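Heads up, the next two complexes both have subunit A, just with different partners, subunit B and then subunit C.
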Partner chain A sequence: MMEKFKEWYEKRHEYAKEWKSKTGGKVVGYFCTYVPEEILYAAGVLPVRILGSHEPQDVTEPHIFGMYCPFCRDCLAQGLKGKYDYLDGIMIAQSCLHIRQTFTSWKLHIPIDFSYYLPMPNNVQSKRALPYLTGELKAFKEALEKWTGKAISDEDMKTGIEIMNQSRKLTRELYELRKQPNPPLTGLEAMYAVVASQIVDKKDYNETLHGVLEKLPQRPAEKDSKVRLMILGSEDDDTEFLQMVESLGAIFVVDDHCTGSRYFWNEVTPNQNPLEAIAARYVERVPCPSKDWPERTRIEHIKKLAQDWEVQGAIVIQQKFCDPHELDIPATIESLKQIGIPAQFLEFDVTVPVGQFKTRVEAFLEMLKEEDLY
Partner chain B sequence: MGDKYKTESLKCWDKAKEIRLNYYKNFAEAHEKGGLRWAGGAWSFDAIPAGLGDDVYPLTGEPYAASIAWNKDFALKCHEAVEKAGYARDLCSYMRNYWGSILLNKYAFGGDFPKPDFIWQDHICCSHAKWYQVARDLEGKDIPMYCIDVSIGPFEELTDNKLDYVVGQMHDGIEWLEAVTGRKYDDEKLIRAVYDHCRSESVWAEVCALNKTIPAPLDEKTMYSLYVHGTLNKSSKVVADFYEELLDEVKDRVKRGIAAVANERCRVMSDTQPPWAFLNVFRYLEKYGCVSVGSLYTFGLIGMWDIKEDGSWGPRKTPQEEGIEIKDRDQALRILASWELNKPEWQHFYAPQLKSEMMIRIAKEWKLNGVLLHYNRGCEGLSLGIAENRLALKEAGFPVMIFEGNMGDEREFDETQTMTRIDAFMESLGLEK
Partner chain C sequence: MTVVGIDCGAKNVKALILEEDKILAKSSVLSGFDQKAAAQEALDLVLKDASLKKEDLAHITATGTGKEEVGFSLGTITEVGANAKAINSLFPSVRTVIDVGAEEGRAIKINDKGKVIDFAINEKCAAGAGTFTETMARALEIKLEEMGSLSLKSQKAVPMNAQCAVFAESEVVSLIHAKHAKEDIVRAVHDAIADRIASMVRKIGIEKDVALVGGVARNIGFVDSLKRDLNLDLLIPDDPEFSCALGAAFAAAEKAKGG
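Then we have the complex of A and B:
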């Protein structure tokens, strides 16, 4: 029923190439979920998130010093190896320094027709962020119009917003089903769905998800209840890890990842000024830790997710060297502990040591099950 | 090997030390004098809190943490305390030194760690705002914190929209300062501090430009003890006046042919913060007659530069030199913001080639034979794009040696291996001890 999402995830390049030949449109690879896809859809351009392959590589060492996160190096490796040779453009919305290097090295070494650096504000808690980002979105829209040679009308903007909002609304519905005592989908399936939404045309995604949502409630539920887990932290599309954990009598019912809920949680509230409406959405969205200051607003959101989805334990992951998450992890774990949710911390690399992690997760699950006994 | 040049100690050396020690003492003793303490980064717009009065003392985190790093034993205790508290070992080592000092309640200059009354920070890398967010977790959430986001792209792409964002945060910051301190803000003091800020940074660049001379009047190890004042309190009259005094002395050294390294026969530059506990690296270079004349880091973190009529790099003209009279708060803030956003050691945050171009310029104008790049595991901000800088320098024809280390965590620096690399690099340049 949900195999399509997995297929899209695994055959992302084939999908994008086929999309190009079918539509004759342009494809832009993007590096961070702060990229306002609404404007790209308004321009008729397909945004695809650039992801790694989780395979060891030896091509980025001359370009990115090894102290930067494995994800940013894995993404650059895909570009250097020509996996994204169908892209017409690349863009980044300012977030962490790590992924920024992927963008700058890509721009330097991989020929590309269009590249754009959107200086998305970091101080999203300042009242100055909204007018600033609105102005920057205007500049981006103009750059896109110049590149595509096509003016973007207000009607186009409305369409772009609707496509994105529809996708967000449907994915929220999918997540709502995970609140059930025996959810009709696994965490792995949910991950495939969200990541697929980042790499295929949202119109295709919305149509498929709509069909899935009609059928899912009839899916036979598992008889045995499983330990309800949450997963949160850095960028994570490590499907092998999720599969392993869910094979141990546990199920991920919710997450806080940019490859998960953080990507789609907030919608654009349309107003007379579409650019301002989009800017407001990105300023107010659940923040990446790199933008969550001076107050930590994300932790309250995480606690609410954990409580609403009746989570028994949390797996907190971090991409090795991921500074923004490393800076929030002690406070996050402590906050979860205060509401009675134990957490297991794991550090991820390009490949994860599944065997070793399995032992640690088994011990964690055993501890959670023991707590249920008393 | 006989000495080629005359050399002598800097006359202003003791004064440099005295200013620095007074700075740390003033912060610790601020409350005894009825004054205020604020903590923040070396990048902070320190001219702004200056408008609260002459008894408001800063503690900038990076140079403070570098002082800790120099004391290996204390630094190790700091790191261990931070790791025990659950923070990752690969985080910025300045930040970890600073937090360790809080956790151990030990001030590197004696006594308990003096808690600031407020935090006044700038956000330049992933860690800068978060640094003090965690400091608040450790010191007590009641410490008010304000942070200005300056990440608006490279200076060459500055627009009114971008400048308005930064200046808007500055205006809000002044209102915030009045609210948290209960003091009335004095725009005249702000204006004076902005003038001194620009004077400090322009004069420091002029000092660095004098190092184009052969023999170089200053070596980089010495420059570390001098540029630091700009990282402590660049907008203070004390620092600006000191740099004027230093400039006069360095001009005099050039005039008299006084060298930093008496047997100078090879000139290099470094990059990023050095491993502070191992500045002997620079003395080791001297055995080969090699002088490190500076770096984009020592020149461009505090120094402000401009392209002169002959196409070379020289000090940027200050607003005073441009005949600009600052009349009000908004004008002062706009000048301050656009001045700082032009900082050379900032442009690479957006494009490594901007830094490569500046490094190649330095290599040519300062007549260098090679480059030593410190792949610094302690600072994600200044190591950003360093691998691309290496490629660009090599392509421009400059021999490059890289060495891995950490500015603030000696556990990540291999002294023997670094010296062996230097031996091989010097040999490749045709030099012998």
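Then we have the complex of A and C:
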């Protein structure tokens, strides 16, 4: 029923190439979820999120410092190896330095028609963030118009916002189903869906997800109840890890990843000025830890997710060397502990050490269900 | 009621027969390449030693890295859970268990009933575990068994940074070239491992009493270093490497009683 998402995830390049030959349109690869896809859709450009492959590589050493996160290196490796040779442009919105280095190296070493750095403000809690970003979005829109040679009308902007909002609404509905005592979908399936939404045309995604949402409630639920987990941290599309954990009698019911719920959680509230409406969405969205200061707002959001989705334990997982997350993790774990939710911390690399992670996850699950085990 | 607990570790497979609260027999064999065969051999040995047959056993529970490899087990428990059970029975006052095996170091926080409250396991690197000592013994051209007593003879602390077993070996070589006394280098190795283990324990918080188990607990030099680092006394069972197997046997007994 949900195989299509997995297929898209696995054949993302084939999909994009096919999309290009079918529509004759341009494809822009983007590096961070602060990129306003609304404007790209308004311009008729397909945004695809650049992700890693989880395969060891040996091509990024000259370009990226060894203590930058494995994800930023994995992404650059895909570019250097020519996996994204169909892209017409790349762009990034300012978030962390690591992924910005990927963008910069890519621009420097891989010939590309269009590249754009959007200076998304870091201090989103400032009152000046909204007018600043609105102005930057205007400049971005104009750059896009110049590149495509086509003006973007207000009507186009409205369409762009609608496509994005529709996708967010539907994905949220999918997450709502995971609140059930025996959710009709696994965490792995949810991950395939959300990540697929970032790499295929939202119109295709929305249509498929709409169909899935009609059928899912009838799907026979598993009889055995499982340990309800949440997973949170930095970029994570490590399907192998989720599969391993869910094979041990646990189920992921919710997440806080930028490849997961942070990506789609907030919608744009349309108003007279579409650029300002879009800017407001990105300023007010559930923040990446690199932007969550001086006040830490994300932890309250995580606690609420944990309670609303009735999780029993949390896996806190991060890309090795991800400084913004490293800063937040001790406070996050402590806050979860205070509401009675134990957390297990794990550190990702490009490839997952499944054996060692399994040992720890097994012990964590054993701890969570100890009362009824013996 | 007679049960078996079997601990399929990275280096050795340990088996133990328990009759009520009495240990009837113990065995330990090298895990080697074929863990399944090693597990079978360990089981055969304890059965022979106790003059029992497999049919006499009410239950068998496996634990350890290779627990899935034990073909004949009827259940499994993690090393963390097994240690908690074993130590809660041996030393009821213990709230923190430190387990240092061949490839893994673990710190486990338990309550008065032996329930696991929190735990930490070392990251990928083996610098905080037994295999590291073996590598260092090789570099120093001494037997592993000599490491402990030699270390106690040291009069001088030499700093060493055991971030990685491979690089630490080259660091040991530099210390040798700098003409440091062998016993001081051995102590430096133990201090370095103790550092790694202590920082892992601090991550979950140290609550007294503290027990040390696992094969490395037999190394008196390491024990000395860890005591100094944590600045407290450590409770060590008689056969520290059998702690997991004993915990697995307790789990087997509980299972057999249908608890």
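Simple rule for what comes next: the second predicted complex is superposed on the first by the 370 of 374 C-alpha atoms of A that agree within 3 Å, B and C clash if a C-alpha of one lies under 4 Å from a C-alpha of the other, contacts with A are read in each partner's own complex, and residues count from 1 in each chain.
To be clear about the criterion, a residue touches a chain if its C-beta (ideal position, glycine included) is under 8 Å from a C-beta of that chain, and two chains touch if they have at least 3 such contacts.
Since we're looking at a predicted model, the values are computed, not measured.
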item: Which of subunit B and subunit C A:Ser290 touches, first, second, both or neither; value: first
item: Touching partner for A:Trp265 - first (subunit B), second (subunit C), both, neither; value: neither
item: First (subunit B), second (subunit C), both or neither touched by A:Pro342; value: second
item: Partner chain in contact with A:Pro353 - subunit B first, subunit C second, else both or neither; value: second
item: Which of subunit B and subunit C A:Ala331 touches, first, second, both or neither; value: first
item: Touched partner set for A:Ala363, first subunit B, second subunit C, both or neither; value: second
item: Contacts of A:Phe114 with subunit B and subunit C, given as first, second, both or neither; value: neither
item: Doubly contacted subunit A residues - partners subunit C and subunit B; value: none
item: Contacting residues of subunit C [partner subunit A, same complex]; value: 65, 77-81, 104, 115-119, 121, 123-124, 251, 254-255, 259
item: Residue numbers on subunit A that touch subunit B, as the complex places them; value: 61-65, 67-68, 94, 96-98, 100-101, 104-105, 108, 117, 119, 121-123, 126-129, 131-132, 135-136, 139, 289-290, 293-294, 296, 318, 320-321, 323-324, 326-331, 333
item: Residues on subunit B engaged by subunit A in the complex (per definition of touch); value: 85-88, 90-92, 123, 125-127, 129-134, 137, 145-149, 151-153, 159, 161-162, 164-165, 168-169, 172, 349-353, 375, 377, 380-381, 383-388, 390-391
item: Subunit C partner contacts - residues on subunit A that touch it in the complex; value: 342, 347, 353, 355-356, 359-360, 362-364, 366-367, 370, 374
